[in-house]
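Heads up, the next two complexes both have chain A, just with different partners, chain B and then chain C.
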Partner chain A sequence: MKKIDARGLSCPEPVLLLRRALVKGEDEYVIIVDNGAAKENCLRYGQYQGYRVEIAAEGEAFELRLFKKEADT
Partner chain B sequence: MDKDKFPFILAAGCLGAGAGVLTALGNPGNMGLCLACFIRDTVGALGLHGAAAASYIRPEVCGIVLGSFLLALYRGEFRPKGGSAPLTRFVLGFWAMVGCLMFLGCPLRMVLRLAGGDLNAVAGLAGFAAGIAAGVFFLNRGYSLQRAYKATFLEGSWLSLVQVGLLILLFLHPAFIHFSKNGPGSLHAPVVASLAMGLAAGAAAQRGRLCFVGGIRDWLLFKDGRLLKAFCAIFLGALLSNLLLGAFTGKIFFHLGFEGQPIAHNDALWNALGLGLAGFACLLLGGCPLRQLVLAGEGAADSAAAVLGLAAGSACAHNFGLAASAAGPTLNGKAAVVIGLVITFAIACFNTYGKDRSL
Partner chain C sequence: MMKKTELSSFSACAGCAAKMGAAALGEILVGLQKQKDPRLLVGFDHSDDAAAYELCGEEVLVATTDFFPPPVADPYLYGQIAAANALSDIYAMGGEPRLALNILAVPESLSKETVRAIVAGGAERVRAAGALLAGGHTVFSDTPLYGLAVWGCVKKDSLWTNGGARPGDALILTKALGSGIITVAAQGELVAADVLKKVYGRMARLNKTARDVLQDHGVHACTDITGFGLLGHTLELARAGGCSVLLDASALPYQAEALDFARMGFIPAGAYRNRDFAASHVEAATIDRALADICYDPQTGGGLCCALPEKEAEACLHELHLHPETAEAALIGRVVERREKYIYLK
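Up next is the complex of A and B:
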């Protein structure tokens, strides 16, 4: 599992950090963001890249957990 | 793809149509909303530049910041923060404004000019896209202005408080506040209509994260077309309202061509370079002038610094003869745009290659 701390960063930087990490193709990622725009953009990008995304509020921040979807075959 | 709950595209279309209506109610041609022009006019009203024809406290700007501020408070999205390179953002805002005043409009007015049939804005759009592409090059290589940190409620509210003060000055109109007697600054819709439109635009832009730089940027970076669709919706909304208003009032709100366009010049190269500088600088800021106002309303002190940079840029642009006019660009303005491109390029390089990469 790879953890990314994107607190304090404004868009598009959190999504770019996520994109850079997703290239490694791990099964699970956690990214922490602290604003609504970053949350929505990372959610959209994760889903677009074929991940299931769970969001949990953590104080004033949001923790997004990305899980690689099982292959259909 | 999941749908947004908020009817974002519809709201963007209404925003475009509303801008057309403000023009019919008295705002200058193709200038229902223009953040560059309106910040410049407000700066003029405060006596910070000497352009007598461009002075008026524009309630649209106050409304956009306060609309974002109030909606962010209501939705629990008000997050006071700061400390992410505020002075670099001030400088980028300054040069973005110099670029906008070479073109004669912010990216939003570029769309409104296109919707009014002003083909000079096509060159502006090409330059704008090129400027954003230049910034994306650096983003892909790690460009960052580093993190912002939590700040106090007051620190995140300053720009909104300033807007309240400006509205009071607008209503009281003391002798030291200058309002244009002629020229674009004298053309304005009734205060209530302008303020209402500003509040609605600010709220919609806050909710939908509307950004013109983001539209092209997100498509280049992620092939994400959400903001680009809003871009098109604003164009279509404004085009439709221009055509309908023209049909009902008998006045001309749509005039296709290069010549005789309201508050525009037809020097394609400098239109392109002007918005190229604005696009590049705004990309490095993380958003267009509209987005900076909205983020400042949401509590981002760094975006407020960018807005102050825009304001300072507009004052210098008029005091030093950098701003273009219907007669075309000035020599000083051309030199300033080139200097601005060099400085913006240096800022991009420094924050991409010259920083600690411990992020």
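Up next is the complex of A and C:
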């Protein structure tokens, strides 16, 4: 599992970090962001790349967990 | 791909996407005393594009200011885009820009060549508008900001405001949407050069031709689509006119690539602010999420959106399509009696 800390970054930086990481094609990723736009944008990017995305609020931040859909079945 | 320049590092929250949200702005203006004067035809309480002040002999002075951080890395293009955006507020009131002043804030580290290019780009657009650039004010700031204060003129009976839309009117939009999303995607170097050229050209294009054509078609209300996005500005138009608006999703002009970039999450933070502000007044349940994102996307140098009698719409559109500057204009909806929501997007 690859973990990305994108706190303190505004768009499009978090989604660009996620994009760079997803190139490796791992089954599971975690990205932490601290603003609503970054949360929405990373959710969209994960879904666009075929991942299932779970979001948990962590105080001021959001933790997005991305699971490759094939890995579930 | 975008060429890296001194301005590249400043374009994270830029153009009209840097505009403060309508909700926050509303909170700030609460309690600010409105001055009443019979000559002040349009003041800040109207959420309109520019202020309008009646001079003698039916002549109305239209005044506006607009500035923002660089949405693009090229300093000359930045100047053009910022100036076109400021001038647009005058066109949105049906006016003719006459006089402009520069508003400029630059980091001390920025080279003189870069600053000169910004101002030269702005001056070129002011000249293209047939107006005079007569001065300005420059300060040091950590974030570059550029724009104009502009004064224009219009005859009182030709003044357009965002109020005045009536049931039975058609809505016409004169430029394609999607510039905010494309600008964000460009920072990830995801946008093809020919697409960027087209989008940047659209952002820097004056709304002069659009205004010229619309003037002959009995416009009831007009605004330009900028920081609050199509739905934010249409909401203001519907609210000011006391009516509702039906928008035809299939008729909306937008840069095709923006749809895919929206799905990928290259959406400016301002689009989410616009959605938070307007969504409770909008019925768009059946709309694809990415298309809705485009409708909330903050536009820099967007087109004019006007309400005009339905019988004029076809001829007006035909005339707009004769000019390359307004060839992508579209009939995007119609105005109806006030319903539960202000906007229905289907």
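Everything that follows uses one rule, which is that the second predicted complex is superposed on the first by the 70 of 73 C-alpha atoms of A that agree within 3 Å, B and C clash if a C-alpha of one lies under 4 Å from a C-alpha of the other, contacts with A are read in each partner's own complex, and residues count from 1 in each chain.
Here is the rule we use: contacts are C-beta pairs under 8 Å (C-beta built on N, C-alpha and C of every residue); 3 or more make two chains touch, one makes a residue touch a chain.
As the structure is a prediction and not an experimental result, all values here were calculated from the model.
Contacts of A:42 after superposition on the shared chain: chain C is touched, whereas chain B is not.
By the touch criterion defined above, A:12 lies against chain B and chain C together after alignment on the C-alpha atoms of chain A. With both structures placed on the common chain, the touch criterion links A:60 to chain B but leaves chain C unconnected.
Within the superposed three-chain model, A:34 lies in touch with chain B and out of touch with chain C [touch as defined at top]. Overlap of the chain B and chain C interfaces on chain A comprises residues 10-13, 15-16, 19, 35-37, 40-41, 44-45, 48.
Residues 7-13, 15-16, 19, 34-37, 40-41, 44-45, 47-48, 60 of chain A are the ones that touch chain B when the two sit in their complex.
Of all residues in chain B, those touching chain A in their complex are 1-2, 77, 79, 81, 84, 139-140, 144, 146-150, 209, 214, 217-218, 221-222, 224, 226, 286, 295, 300.
Interface of chain C with chain A (complex): residues 12-13, 184-185, 187-188, 262-269, 271-272.
Looking at the complex, you find that chain A touches chain C at residues 10-13, 15-16, 19, 35-37, 40-45, 48.
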